[in-house]
Amino acid sequence: WWSPGQAVVRAAASSGGPRPPYTTLAVSQPQQFVTHVELHRPEKLNAMSRAEMVELFSELAGNPDCRVVVFSGAGKMFTAGIDLMDMASDVLQPVGEDTARISWNLRKKIAEYQETFSVIERCPKPVVVAVHGACIGGGVDLITACDIRLCTQDAWFQVKEVDVGLAADVGTLQRLPKVIGSRSLVNELALTARKMFADEAASSGLVSRVFADKEAMMAGAMELAGEIAGRSPVAVQGTKVNLLYSRDHSVAEGLDYMASWNMSMLQTEDVMKSAQAALEKKSPKTVVFSKL
Amino acid sequence: WWSPGQAVVRAAASSGGPRPPYTTLAVSQPQQFVTHVELHRPEKLNAMSRAEMVELFSELAGNPDCRVVVFSGAGKMFTAGIDLMDMASDVLQPVGEDTARISWNLRKKIAEYQETFSVIERCPKPVVVAVHGACIGGGVDLITACDIRLCTQDAWFQVKEVDVGLAADVGTLQRLPKVIGSRSLVNELALTARKMFADEAASSGLVSRVFADKEAMMAGAMELAGEIAGRSPVAVQGTKVNLLYSRDHSVAEGLDYMASWNMSMLQTEDVMKSAQAALEKKSPKTVVFSKL
Amino acid sequence: WWSPGQAVVRAAASSGGPRPPYTTLAVSQPQQFVTHVELHRPEKLNAMSRAEMVELFSELAGNPDCRVVVFSGAGKMFTAGIDLMDMASDVLQPVGEDTARISWNLRKKIAEYQETFSVIERCPKPVVVAVHGACIGGGVDLITACDIRLCTQDAWFQVKEVDVGLAADVGTLQRLPKVIGSRSLVNELALTARKMFADEAASSGLVSRVFADKEAMMAGAMELAGEIAGRSPVAVQGTKVNLLYSRDHSVAEGLDYMASWNMSMLQTEDVMKSAQAALEKKSPKTVVFSKL
Amino acid sequence: WWSPGQAVVRAAASSGGPRPPYTTLAVSQPQQFVTHVELHRPEKLNAMSRAEMVELFSELAGNPDCRVVVFSGAGKMFTAGIDLMDMASDVLQPVGEDTARISWNLRKKIAEYQETFSVIERCPKPVVVAVHGACIGGGVDLITACDIRLCTQDAWFQVKEVDVGLAADVGTLQRLPKVIGSRSLVNELALTARKMFADEAASSGLVSRVFADKEAMMAGAMELAGEIAGRSPVAVQGTKVNLLYSRDHSVAEGLDYMASWNMSMLQTEDVMKSAQAALEKKSPKTVVFSKL
Amino acid sequence: WWSPGQAVVRAAASSGGPRPPYTTLAVSQPQQFVTHVELHRPEKLNAMSRAEMVELFSELAGNPDCRVVVFSGAGKMFTAGIDLMDMASDVLQPVGEDTARISWNLRKKIAEYQETFSVIERCPKPVVVAVHGACIGGGVDLITACDIRLCTQDAWFQVKEVDVGLAADVGTLQRLPKVIGSRSLVNELALTARKMFADEAASSGLVSRVFADKEAMMAGAMELAGEIAGRSPVAVQGTKVNLLYSRDHSVAEGLDYMASWNMSMLQTEDVMKSAQAALEKKSPKTVVFSKL
Amino acid sequence: WWSPGQAVVRAAASSGGPRPPYTTLAVSQPQQFVTHVELHRPEKLNAMSRAEMVELFSELAGNPDCRVVVFSGAGKMFTAGIDLMDMASDVLQPVGEDTARISWNLRKKIAEYQETFSVIERCPKPVVVAVHGACIGGGVDLITACDIRLCTQDAWFQVKEVDVGLAADVGTLQRLPKVIGSRSLVNELALTARKMFADEAASSGLVSRVFADKEAMMAGAMELAGEIAGRSPVAVQGTKVNLLYSRDHSVAEGLDYMASWNMSMLQTEDVMKSAQAALEKKSPKTVVFSKL
């Protein structure tokens, strides 16, 4: 339902790699209000760095020039997961003078790893994730914390943790069942670590759309991001906040929270501006909204 | 799996328009125990009237001659949403001497609009909604509060609110994620206001079935309603009540509530009557159940 | 993605029928760590016996030789549900000197029937259920309490209760909506008692996979069970426990529970053994894990 | 900490009895913004009328001239509970053609009776209840739905329901344990129907204060109501709403709701007006706040 | 408010010690419908036996001759807690081949110990516990799972666990804060293991009443139990069930559950019998209620 | 039950004022494992600094030399609340181009202020707070986030917010009702802003103990802290974590969490060390526990 413009495609095509302070993430702004975050550590199969993820998304959460994020991976695949070397020292050589103290320290580590992805969820700007090639282990934790999932025809997904002797503990077991509708499939993926390919990802609802190749996907992701970036940030970010609230509460509680939220947010000038545009048969994307 | 009878089709075909006290809803009884509610305000694109919805469904909730409701729209489309003129005065010209007082009054208004659709959910009679053409904004709030959704091949759905500068606050953000399985799709619809057409509505599970045209759909809806109306109202309404309870509670809590519910409801004569019919190889629809 | 071995197929093919203490369940061990439970009461259409289910799954929960269960039905169909004769005396001839006392006793009975299937959920070993032919009433309660669902092309499913005058009260109304993504479909099935066939079961996500016939399905089920049985039981059972916890809690609560769970479970030797196998490019199934 | 003024005492002393549309409630306004509601049906021991309670508190909820309510009883005692004659016909002669239908109708009745008191809780204006003499059965349901409880030295309280063969079902079992700290006492009162006198009511925290006689209590209640009525209604009513929210949610959820509530309410001019008064060493009661 | 009768005092005075199948519990029936359970293992300071507690309370839950339980300790003190020898082997010599497997087994053990006291809570008959002398460790877990707490002037309570290097894990940390109102006191007791004596137990609401000595307490406990036993068991047990439900749910959820509970329970003949007694100015204790 | 030692009294008597990086908090270690935090900004009536509180308690949370915190105020009073000058600029001159944007920014500010006290709750080391003189506004938010509350005879407490036109939004409305048992008192304090003096603070359970003067209180606080510091940190901190978990969950959920927590924590060497001390009739305070 959208057709990518040329400028957008070019912008998305070459990120140029990470710039300080980031060493594993390339951050750019291919369109106004659209931030492109690229996992860029091809030599390590785009293994994610915990600290950089937290730093970046905390920054984006408060940055008014960012209204939507496109997240993708550079090189041959999306990501092979969390950096095993990082994790090995944390998990395989745990510190503490007895089992209880080792457990106490491990719990802190697990909570820190969980934060790597929860920070995406807490960021009120929608995150569109675009997956090509492999998306393994921590990659699945990552994408289930994003808002909209796209992939290429050659993408595949693997909840890998059971293969290395552990229950996935940084988000997949909590979020995957709330992201796709078939519980039998969720259980099968998590209990067998089998790969799921693009077609099943689409039919199961994990991704909203499959693209022929990465170039088409990036163009599609940017176009979609543009649609979101062009709308009222008060409306868009309030929508994300309340969709997440609803996921974890009853309908009655969600309605009550929504009413208390919108009693102020409806007083935005954006409603009048948008209504005016609608009366003039213009797209909401033509409206200039104040920063948020 | 069902084939519409002629009488039913005729009954559904012509509603004759609203009769007092309703001015926007045509209410009729095409079959025993089946109430047909038709949004009938074609000149206003079937914009919904808050007060009439609440009045009607409160009445139906206690009316023993109604065991199931079929809800549809007259004219060219299902509905363009809540009446913008109603809403504009409420929302765009809010009353109050400072921001807090305006907020206080807006919150009351939002709660009243939410009630327009929550009243459908609280009505213990199942509501089958049949959508043709456009279903926009408040229309999506409405159908997600119904129990079974059907549509025609030409139907389309649009979570429109973000286009007018606000987060959807009368039910869509709360109910849509609990109605379809793909969270990526829910987010995309709510954040971009894009249209979703009948095929995607079916594959995503928003509707159970797509029909070639409105006539076929209405026949199908009436047949389906007849299936429900012919069964024990104690069983049917207890099923609706407990399905809704389960949506908002853990499995353990749902089981406990169910046990406390059925400790009385199992003492219905309907069980014996139904068992008798089963032994005689008759359909449960041949049984005459007492009023409820 | 898996191809059944010959031995497994043979093992699965003939169970030889129940052995004491069971009279309705045939229990065997076709592969190491895989328990095959077969409903084996063909003369009664595999009607389930409450007491035997509870006894068996309580035993399996603590049996280290069982790491995964395959559950299937002998004869012409999966199951016609709970034994009506059992239930009739419980429900149709309730005991008690007034309505309150009858209710009190009925509540106890309902809770006992609920336990028949909750015991499957509480067993930390994953249960793969393989359905051929009819799966009616209590059969649906049963399969929604299992972890992974498979079926043959000739399978069909029916939430039958509304046909006999009651709201399904032993698990279907609580679990089915959390097992498949389309709420419209769930409501339709529960309110009309219509049959759902294999294709719709697959497209709706009720089952993960449809097989041409029972032999193929049993081979597939055994192969799948073998995949699970070959992985670390600490990882597999921790995964089941946490997936169930997540179903009934918010994401934040699920993450917190997971961290407290894994602070000890990560200290398993299975992680090192699995990592070693991975380094040596061996399947995790080649590792010998200690009993659990 | 307060000393009653003469005018207030006089105002409180004589209500003159009910005026239309009320026949059991005398409603007056002894001070600006203070509404005095008096149960006034001495010939029936102040038995409460369900319909009038709901009508009155629904009205007060939206009436800007009411900022706080004082609730008391006329004559010899506070109240002997719900009108037994009303209730007898509802409960002892239940309507319905079988047990299930009788149950269905009884559930509706119970819900209506519960509403009699829940309407007090939902009214955002604080309710100070002043009890003298007997407070029995429905009286306890009533006072636990109020915000602040006062009594005279001769007051006594009785959770009477167990004496008439039923579990208290219109609020006491739900609210009393959240109103006083000793669960052992709550259980004892509810299981034995014993009377609790003023001293124990004070030491257990059921009431905040005991007065020598009714005149002193009414003076105290009016003075207390005056303190509340003189403060910002935005602050006072927001406090009631959030205290009730907190009762039923975790601390984290309560904080989140509070932040979403106050993001608009802090924008009230009342903060500046109150701060100004504080700088000038004036009581907040000297400030004129806009209506709410 | 009650005066003990002679017969009751005698009955309570001498239990004669345990009879099979119990070796640590003396069970007798000093009054109709009142079961007296006495911890009777003076040589081991009344250390509790897990298995016997579970067996006994499971039996009492379904025994119509038991309508209320009085629980006390024989000899010099109430109880010194769980049998350390039992526990030592379970906890100090844990079984399992690595930390994860030891943890897995410990979790099962903890759950079993928790069940020792949860079984009291699940038993629908109210339990009045009468404490004299020391009540230490597991003793506090026990009494917080009971419904009404009484003690002698020489009683003292100690949350002992922190002294032996562990967080109390069989109920005290979960139930004590919901049993008394001062959180500062709960924290102090649990974090310092200091003793709390009878006066503070009374003023904090842990116990409802303090008696001069054990004889007076047992007489008081029996009289109180008699009050409960003499009332409608439908009313009494429904009250316990709903009070426990309310503890763990919001007020709105508690009211909803209550309505679904009482829609059947109000149909008891006990209401009419009790009302009749009230009209005749008789005590409800004179009514003969059918068994439950 | 404890008597202060001389050294402790001296240590507590003079803090010497803040040292970098703190300018408003004096931090010292009067005993091993006991951290004394003193609000030290007498010229500003000990107005709290948000940033320093967060920094300090985040540090203490991970500092093994701190096992318990004593929190008190220097000079004439405990604290007059949050620094009004800080807050005025945040709240009275809000930033944003329309009401929605101002609300968005205010919500962030409120969340930051809430964090000032939530950081105390999240710190697993118990916090004993010792109040003398005035404790106003933010002071009440602070003390309700602490674990054990003590005060002097001249202390008084005031929930001040309603006096300045706002509902208390940084913790009091959420935590106070879970800290004391009388809801009538909580409501009265929050709705009238009246002062509560030491005796009522004690009888209502807000504080565990009242001391004659500040010197006696500090000695008492230090002695109490010493009791906690001398016990196993695995036991003490696990107790705090689980008491907080229990506050916000049902008993069943609390027990489940506890079992998953202690399955590792019971494997501490501290249990054996403590048991050994007990056998030798030594105080647990004589044991040397490893760091945590």
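Should a chain be cited, it is by its letter among A, B, C, D, E and F, assigned in written order, with residues numbered from 1 in that chain.
Rule of thumb we're sticking to: a residue touches a chain if its C-beta (ideal position, glycine included) is under 8 Å from a C-beta of that chain, and two chains touch if they have at least 3 such contacts.
In this text, all values refer to a predicted model and were calculated from it rather than measured experimentally.
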Of B-D and A-D, pair with higher C-beta contact tally: B-D
Inter-copy rotation, chain B to chain F, in degrees (Cα atoms; steps of 5): 180
Candidate from B-E, E-F or A-D with the same interface as D-F, over half of contact pairs in common: E-F
For chain C paired with chain E, centre-to-centre distance based on mean C-alpha positions, whole Å: 37
Inter-centroid spacing, chain C versus chain A (mean Cα positions, whole Å): 33
CA centroid of chain C to CA centroid of chain D, Å: 51
Contacts with two or more other chains, residues of chain B listed in rising order: 99, 103-104, 178, 180-182, 203-205, 234, 247, 260-261, 263-268, 270
Touching residues (chain side chain C, partner chain F) in the complex: 257, 260-261, 263-264, 267
Contact set on chain B toward chain C in their complex: 1, 126, 147-149, 178-182, 203-208, 224, 227-228, 231-232, 234-236, 238-243, 246-247, 250-252, 254-255, 258-268, 270-275, 278, 284
Residues of chain F touching chain D in the complex: 88, 91-92, 94, 99, 102-104, 106-107, 110-111, 114, 118, 121, 161-169, 171, 173-175, 177-178, 180-188, 190-195, 203-205, 247-249
Chain E residues within the chain C interface of the complex: 97-101, 103-104, 234, 237, 264-270, 290-292
